[in-house]
Amino acid sequence: MKNTFGQSVSVTLFGESHGSEIGAVLDGLAPGVKIDEDFIRHQLSLRRPHGKISTARIEDDEFRIVSGVFEGRTTGTPLCILIPNTNTRSGDYAKGLPRPGHADYTAECKYHGYQDYRGGGHFSGRLTAALVAAGAIAISMLKKNGISVGTHISELAGIPDRPFCNLEADIETLGDLIFPVLSSAAGEKMQHEIEAAANAGDSVGGILETAVVGLPAGVGEPWFDTVEGLLAHALFSIPAIKGVEFGAGFGFASMRGSEANDGFRAVGGRIVTATNHNGGINGGITNGMPVVFRCVVKPTPSVFTEQDSVDLKTRQNATLTLKGRHDPAIIHRARVVVDSVTALVLCDLLAGRFGTDFPDADQ
Amino acid sequence: MKNTFGQSVSVTLFGESHGSEIGAVLDGLAPGVKIDEDFIRHQLSLRRPHGKISTARIEDDEFRIVSGVFEGRTTGTPLCILIPNTNTRSGDYAKGLPRPGHADYTAECKYHGYQDYRGGGHFSGRLTAALVAAGAIAISMLKKNGISVGTHISELAGIPDRPFCNLEADIETLGDLIFPVLSSAAGEKMQHEIEAAANAGDSVGGILETAVVGLPAGVGEPWFDTVEGLLAHALFSIPAIKGVEFGAGFGFASMRGSEANDGFRAVGGRIVTATNHNGGINGGITNGMPVVFRCVVKPTPSVFTEQDSVDLKTRQNATLTLKGRHDPAIIHRARVVVDSVTALVLCDLLAGRFGTDFPDADQ
Amino acid sequence: MKNTFGQSVSVTLFGESHGSEIGAVLDGLAPGVKIDEDFIRHQLSLRRPHGKISTARIEDDEFRIVSGVFEGRTTGTPLCILIPNTNTRSGDYAKGLPRPGHADYTAECKYHGYQDYRGGGHFSGRLTAALVAAGAIAISMLKKNGISVGTHISELAGIPDRPFCNLEADIETLGDLIFPVLSSAAGEKMQHEIEAAANAGDSVGGILETAVVGLPAGVGEPWFDTVEGLLAHALFSIPAIKGVEFGAGFGFASMRGSEANDGFRAVGGRIVTATNHNGGINGGITNGMPVVFRCVVKPTPSVFTEQDSVDLKTRQNATLTLKGRHDPAIIHRARVVVDSVTALVLCDLLAGRFGTDFPDADQ
Amino acid sequence: MKNTFGQSVSVTLFGESHGSEIGAVLDGLAPGVKIDEDFIRHQLSLRRPHGKISTARIEDDEFRIVSGVFEGRTTGTPLCILIPNTNTRSGDYAKGLPRPGHADYTAECKYHGYQDYRGGGHFSGRLTAALVAAGAIAISMLKKNGISVGTHISELAGIPDRPFCNLEADIETLGDLIFPVLSSAAGEKMQHEIEAAANAGDSVGGILETAVVGLPAGVGEPWFDTVEGLLAHALFSIPAIKGVEFGAGFGFASMRGSEANDGFRAVGGRIVTATNHNGGINGGITNGMPVVFRCVVKPTPSVFTEQDSVDLKTRQNATLTLKGRHDPAIIHRARVVVDSVTALVLCDLLAGRFGTDFPDADQ
């Protein structure tokens, strides 16, 4: 299915960094859901570069919804969002010397040289703006059903944020932060590190931690379409994400079973687990506890030190020094993309489980 | 699609731990590929429990291929493999008290109590035998096309194996080991740890590291159907896997871009990267370097200490003490499942890229 | 997806005419539905050859359900049905001279000669037994939700059956008939024609007409996944079906719009149409009226007159005279296959629309 | 998957009759294919209303390709085509009284009243403009691979066109005709009938016959994804198509097997059939002969006589008299939509069979 993801609620992504528009088609949405364009704008603003820790290429992201919305609500038919590209400087890009850590070389292998190489073309992080716009609608739908999603930078350059404690309040707080951390002291240190890397012409990576609260138990499949599998499938699309772990994740490697298991407790008629090492998922299916996972974001590959490359025409060794406008870190901008992708996958899972009028809003 | 995975080459899984048979349907295989039943048997033997570090439930795994093979070769039509269950002791299982860390409770939520709860039913690791049989065929197909897959236990209870060095030789070696480690000294220590946990009625987890060599560059998609996304989607089906990382994975969080990037070099006309922090994948697409990833396997949830549970009928707190035959570690048995799932995903990707006669063998 | 059909409720088909077993995996069924093995047997008996108008190869169709059923009810996990092949005479089949009207030649082109050619292999009508067994379960689920499906031979060798009049009663009647016609006089004439063709070593085709009553309005999609499109997609799998028309079908070609349109009427608060030329579907979506369609079944290609063929090895012209046991008509046997496929598609559509607990039975 | 069709090459459709734009995303195209914008324009002109036999609403169809094309060739990444709606008169449409034969009522049932009802909204034939633009690209790809598609009106209001005779020449001829018939005398009579219907405020239907030449043998699947099934699935999306038959189609009902079978002959080393009653498809798979099928197009439901309807608010009987601009026949305009949908399905089948570089053009 390539650039389309989801079975009941699906998203199709198109566009290139330096084309006229990028966009997404969102299909399978419940009809009658109010579209909050301000919230879409807000979410896009969280993805937009800000200040010294980001690229100087800033886009207005003036989206247009060209279908699937009528009188301010979803119709239930495909919703297409377009976002024009306005601030492009194609001259910054040259073909022929693939940038290390980027998709230039693999695009060449796959598309036989016909790819639009300018600004990374279809591989550009620019396309995540369309994911964020689509995701904003998914997040709205989840919210109306009592489900919320939030992500913070849990680690950057060795600096940890404080852990999630009161999940609902923490998620609420994060929703307005451009640099999404729970401890502002940790956030300042992290931003110092990013600036230090920027000054060295270098970049940094980090870890994003996401929590979802309010999901009903019993969603997901035992084989293949596990909640973990579907989320990971979609999350690995986000440029720079190279690892996904749920609950205790790689920490399980040094635990014993007696410690790793989450015992069940009855609390006011509801069944909960005392701990949540399994991240709200057992056997691929939600257990009603918060779904918690972490994604590692590799350092932006656009660095300004001289790098080894190969001339694709002569197939001789060459060196490459990048120019242009680049991010010394994208982890804070990737956060809202993670939230968006997560919400899209959950809407798909919920609509598959409960039917195409779910998750609905206003009926 | 639930219990079916793959677009060009797909696998459909069915069965329960205590049913008459489990099985898999493998569809989209190239016609004319020799079926090596001995190799299937060998692969199944790697999954089977052995010695003190495994459960005492041992199955013969006497598989039957009931369709899709004619005169010893694939026909190109669906291949169905059946594996009977013979050694079942259903009395060991009781309904009503969900086991922590297992899918008992989520199955109840999803299937409203109609699930076959005996031995974990459809959630049982037993079903991975069918994946291994199907995967053995996929592994054979890859081998004929010069592609090999190997996995070792890179860490268990804090004990590291030696890293991969000569990949092709290491993969060759691992293929015959029941306890798949590259350093036999490390392997002995690990097995000691497993026995120690077993003696304490407890269990351990660990990390599996997989390498694939011989893949052509240019396979995978930029969005959604990335190589990482498809592999992770399938790998998270394997019971107990809670994290997947590619290349440097979570290690990227403490690297700078200048260090993380893999510079390109021309070596005898071929383009390679000097390092492989990206695990052979850029922008979701293979770059021709080995694909390398790690999966964390949580400790087996079946432990013999008293655990907290809830009576599903009364919804009152209760305690649970397991009986029966269980594995103090399944990581060494999960290894061949990882290899199998990996091979199935790669066959799907390659057939999608190069057509339904690929990866072929004997034409 | 090849041999798998359906998104929410799917069926995967495997097996060959002369293999050990054929079978189907049915996935996405609601949990808790009682399995009526007698009804499955009844449906299989409707597909089985009877008397002079059918082949002398008779199979017991002793099916086994090996997964997905526990204590007599669906579990919600994949249900695999196996049906052994017992009455095979492979000597009747020779490779090399493709039979006109059969798939021998196209199988050779697609599978490069590796196909199991005996008895048509995977292309054999034999596989419809597995579809019928799976379909019986789907029909049961629909029934519990007030939806019934029935098919009659509306025309055979120029002889028309009487049209449907009281749909529910007609469907009820048809369910028990081996030769499914509404007018027994017409049925006798048809059977005479079949015997006459059989005596001439020849075969006949005809038209099946199907009605579905009880479907809710609002199921189906405007583009691509229309009710017509999904039904036709699946129905064209049934060997020998070469045309599908809904409502007035090809009769629309000689109608004017004023005549073709179905005016709306309010009857006791329910909205119905006065006529049903559109066969219960407008814009790809059910309107609550009976869904009515017709399938043409071509004459069985197995005839005993000398036929033109080509030797696939020498690629020279040759003639072919068939031996073995064949049906002079399969339309009466195909009827229950049409009912089965229809029910499977409708279960898929309803589960997609209303969630995976629908269409359910006993909860 | 709803508004997306195709596995290897897919099309996603979006938009409404009176929205700002309609469009399509075409994914999975081989890279490097020259985009001929003039041919797209030509194809759109064949769909556009002309003269007295069509609606007075004429759109410029000034399409824009916003992604997936670089330097005049496909990149291999998703190609999005947008077509603005300019000539809309929403005042012509009122909600509340569903038009017989249209999707107004079923849309209400499915979307709970939130659908964009203006001009039929997402159900409008207007969306076929996007299919035609996408299909033009598919037709170009097929042509470069020696495959051509052509459709004529084989019958309208009882008037038959002459049959196909020299297929390649006939297809060539049809490509330039606004009213696609092989006999211009028949065409004149048909147009007279359309005008007569128009003068009576009524409309007519008819039959389209399509031929595809140049397809390789061995494409398609035995079960479910038969060539017939996939084509029919997509064709039934075209508004007003209510029946699809392949080869002799419903004519098979009055044939005997000895007559219906297509004997094989060797002609210059190639294997052909002497007749083509099976329409180029055996067992769901192409046999190398022309693929031939017919679609029935029902009379346009927009007629100007008084019709029965129901007020959706009061649920009382009501009458309805349409105003606005409507087509007395759409069959001639539907022709290029059939060609387009056919080409899209064939590109999907060929790319699935031969890999994602096929059908390619310029490499």
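A, B, C and D are the chain letters, set down in written order, and residue numbers restart from 1 in every chain.
The criterion applied here is as follows: contacts are C-beta pairs under 8 Å (C-beta built on N, C-alpha and C of every residue); 3 or more make two chains touch, one makes a residue touch a chain.
Treat the numbers as computed from the prediction; the structure is a model and nothing was measured.
A comparison of the A-C and A-B interfaces places the larger number of contacting C-beta pairs at A-B. In this assembly, D is the chain whose CA centroid lies farthest from the centroid of subunit B.
Centre-to-centre, using mean CA coordinates, subunit A is 27 Å away from subunit B. Centre-to-centre spacing of subunit A and subunit C amounts to 45 Å, using the average Cα coordinate of each chain.
For subunit A, the set of residues that touch two or more other chains comprises 1-4, 7, 13, 77, 110, 122, 222.
Residues 7-8, 77, 222, 352-356, 358 of subunit D touch subunit B in their complex.
Per the touch definition, subunit C reaches subunit D in the complex via residues 1-5, 7, 13, 98, 100-103, 105-107, 109-110, 122-123, 127, 155-158, 197, 200-207, 216-226, 228-230, 232-237, 239, 241-250, 252-266, 269, 271, 273-274, 277-279, 281-288, 296-303, 305, 307-310, 312, 315-317. Remark: subunit B residues 1-4, 7, 10, 12-16, 19-23, 25, 27-28, 31-32, 64, 66-68, 70, 73-80, 82, 110-116, 121-122, 357, 363 touch subunit C in the complex.
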